[in-house]
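Letters A, B, C and D mark the chains as written, and numbering starts fresh at 1 in each.
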């Protein structure tokens, strides 16, 4: 086999690359970061850490990258914050919550910019973190400088952020559809109810009985009822958008697919009357967004159309019988719900085209 | 291979068998009726019709029954109402809606008892049938004598019914959990919202692109938004229970499993205060029901625990944050949601133990 | 819910029950033993052990049995050989190899009869055990009294056995089809080549990354090439049948289904000429076997027809172009390939109808 | 959403694009051609035909392309050979066999170059076509000019071909591994035996009961035994490589994944002695091939590593016990097994880098 150095032509045209590192590169989000960053035209992946696989090349652990020169050259290393900060300009953290914050501290002190995929910096209030995650926040002093990494809401702040907290997969699928409805007061804010269906990679590469093939295959089940952790960030962001405290109902379900989240959102139409057509609201909000695809009121989203991509597909229906607006979305939980969104943030932070490496 | 005549010992003990026929035995519900009726200790399956497979034995078309004597002896026939009524005491109709009513008419005239698995006799109002099914009801005069075949609600009426209209799969998963809550006024009736996830057999053995393996596998999608046909019977039955018109929100989703429905129901707690504990309500209503399993407020239902069985598993949570009660259920859409329930009705109609052939 | 005492009528008719125990009841084979033994008309399951779940009821750990009285009454216990032997007449061991032999020793000493589902007693030669399993045999002195628990070959010996060694899942799917061909010298013995495809429960409830849902779903892969452990017992049994040393080629593949093995066997036709039609050979050998279904030379096996059952489906083709006979089989790896077969042996050992609890 | 014109920067750098058309763009291979050609830097997709969808845009039928400008602009048309030849330089035919040849004739007459994905031009002998496909060859006079589109064997001839016959999916997974072994006489040519496992897209978007989700899911089955159509081209090509008539054994199996073929090949080692190490043979043959990845004798292929790519992964084992060489491969049946390979041929025909649009 001929090992290839990808995208070299394009890169030559476009100039200098940014050195990046991935900490915790062996989980599903980490592996997807590897996939996307190896092919990113403006990236030089200099470090990928994994305690479990230290010493092995990326290609050995992820055979799907066996043809990529860099995947054969680069070996997983143990994570050493000092060395990471010395070698990379931007560092992606794909670690469990709690651990991520501990890594972020020395990296930020050493002037690296950090894109964190865990839940550690998504909440502004350390108390709410403790309520939902069950332990004290490991670095409450950093919460103030973190930017919630949802470009459709915080694009400008992300550009200059030192610390980006990428949203959870469910929140991404919920906040993007709800934002224009909240902002334009199109819905009764107290009536929001959300059901989501997620593929099994959503649980991470966790080696637990519950996620074995034969436990998930031919199985459909709700979980995290009634207070899933992601509620904390969803309600925080909706409350900020609304300018008042918002509480919602949210139930996730596990379904036997590898990837994909299908979310269905219900809310009473404000005042019982459709003041502005949803099509107008959504087009106004997202007509220029590169990763939002509006399906309108005749088609329905299907996770299979977004798997492997950074898109969110959004459709809606007005239910005149019940006076509710129903908005449905589909994303790939590992791409738009995690690693793709992280790279979208990265592109903003570095001034690259927002879609670089993502189309 | 030794072809076996099943359950002969038990049958000998228990005495005479009822002659039954299945019309439309080649779909998923029909095949499941075949499976259950071949093994039923008090049943003699005398006829199974299928236009497509007329002349073939059951064993030829369904190789899983190859060891059963009767499946090798019995050939699919064309459906002839007169002959059916002559040969069988009770006739199961597993036909598309519209067609079922046409068959039911002559059968009932000939004094056969009919258990219909289609939607044709579920609605009391022919106008609502037309609204939801898009054509005039083919036998509106029969609607008055049909009994809705949900034993947990209509047990007594089913016993003497000439014509039983088995509920749809979604309605079964929704009505059983909601009944005690409606009856005991535990929830705000205007706030009921239901999300269901269904396996692909729910669509029947329909040969359409949308149900091909590669279209459904690795795909999750809502459908029938916002006005799925089953709404008509759900709202009819809830309104009867409530003694007032009830309207609900209902969204089904298609997920890649063969069988199973997971339903999640939300409703505001009446008056915002839990007057009677759900555990008390559910135990009171279903403590003696043979096919209702109450999981309580610590466990959650999973379709894999009910697949292949006639059980409905029910769990609940009080969400103090939102003031809602969340009730979740799981059934096998082809068994408790169709053919198993039909046989449960059959047992009632014939005075057999209600669980005969179903445990 | 009404908790039911299953099969009580039938049991009353048929009389006394045999007390049995399951050691290691929490794996897939153990859970399937629970399922089948709870419903077995002549069995009283008195003990089920599981270190992990000791103290919990069967119904708590396996919610699918929540309606069964015994599953609510019986709690998993720690395995204590003395107590086991005191309480149960026949003990099923569903333990990892190595461990099983250690348990078998004291049980046999205490005069219990043992049905072992592990590999520990399948091989007659402790050296070959060491070659294939990588450690010394833990109880070589017991090998002489073990009977290989394949009723289609060793029915008579099983009846009186103290120690039955149930075959592996692959061997079951291979030996039954090959037996009449070897015995009748219909094939060139040096040319046997076998490919098998197995569902993921075949790996047991092993909590390893390789068996996570997202690692197995949408994945097809060979493994154990070229010397899978099951080769040892397959070749042992074929050699015994042939009266000479036989070596075969065997490659298993992992495919994303829960259950089922599809096996395809190739062998040169002896002398290049079909002396006796395969249909005659197979009917002669298996025409009276309760769990062998012969599909002939026009149909093909499909695992979905045997899943959940104790059947083996067998089809064949003569390939005139290549001079080979192709024989294909399908079984449920957990039933005929493990727990169902164990109960078939149990029925023989106790003089019950061989199909009791299995149809 | 912002509709994007993909790869515009790169295209501007690299210059002129080739106008291409796809005939039969609505099947799985056609849709994959659409996906790959829309993103190909040197391609201008001018026409996509589909009788069924004529008048609709590509984006309407394939929502996954909704963000691509061209997919919104281009509408499916009816196939008109004259217009096709006028508008496009190279035409991809993704039609059923029989029909493809009828289209190829007028296109070739009009001096278009044709890349056919059907079986119509793969065989050199119209008699063998008739034997395997059951009808007379529709254009036997064209067989002489067709080049078998397997770049790893016919790279030079493909460059100048007017008519390329892309290999079947199974043949691709078999011929690439076998070629160096046949050429270097490393194996006994009379002993070749192949088992393949294919995902369900291999059957095309055929709307038949056998390919419904619930018929394929939780099902594993052999089919096409013993004389699958692909045998004809496999044996033709092996015979050409060997310089003598070669006959092999081949059995395909259907497994429940969307995409992917796992092939396992067995052959006796020539003379019983490994003259040249397989690693040397395979490296010599494929060390410079851009789409062949050699896994060696310690790793094993897994379809999940090649899905969505144009790679073939190859691993091998020497089985000293049996004197056989075992070679295993994995491809994506729709990419390297169909549309990706077609584009690889296209790149050769137009002098583009062979990997253009495929990495």
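Methods note: contacts are C-beta pairs under 8 Å (C-beta built on N, C-alpha and C of every residue); 3 or more make two chains touch, one makes a residue touch a chain.
Since the structure is predicted, the reported quantities are computational estimates derived from the model, not experimental observations.
Q: For subunit A and subunit D, which third chains touch each of them?
A: B, C
Q: So which has more C-beta pairs touching, A-C or C-D?
A: Between C-D and A-C, the larger count of C-beta pairs in contact belongs to C-D.
Q: Let me have the rounded angstrom distance from the C-alpha centre of subunit B over to the C-alpha centre of subunit C, please.
A: 36
Q: From the C-alpha centre of subunit C to that of subunit D, how far is it in Å?
A: Comparing mean C-alpha positions, subunit D is 40 Å from subunit C.
Q: Need the CA-centroid distance for the pair subunit A / subunit C, whole Å please.
A: Averaging C-alpha atoms per chain gives centres 46 Å apart.
Q: Quick one: which residues in subunit D touch 2 or more of the other chains?
A: If we look for residues of subunit D contacting two or more partner chains, we find 199, 215, 217-218, 256-258, 302, 304.
Q: So in the complex, which bits of subunit C are touching subunit D?
A: Listed in rising order, the residues are 193, 195, 197, 199, 215, 217-223, 225-227, 247-249, 251, 253, 255-262, 264, 266, 300-304, 307, 317, 319, 321-322, 324, 326, 328, 330.
Q: Can you list the residues on subunit A that touch subunit C in the complex?
A: Within the complex, subunit A touches subunit C at residues 28, 199-201, 205-209, 211-218, 256-258.
Q: Going by the contact rule at the top, pick out the subunit B residues touching subunit C in the complex.
A: The contact residues of subunit B facing subunit C are 1-2, 4, 6, 9-10, 13-14, 63-64, 66-67, 218, 286-295, 299, 302, 304-306, 308-309, 311, 313, 355, 359.
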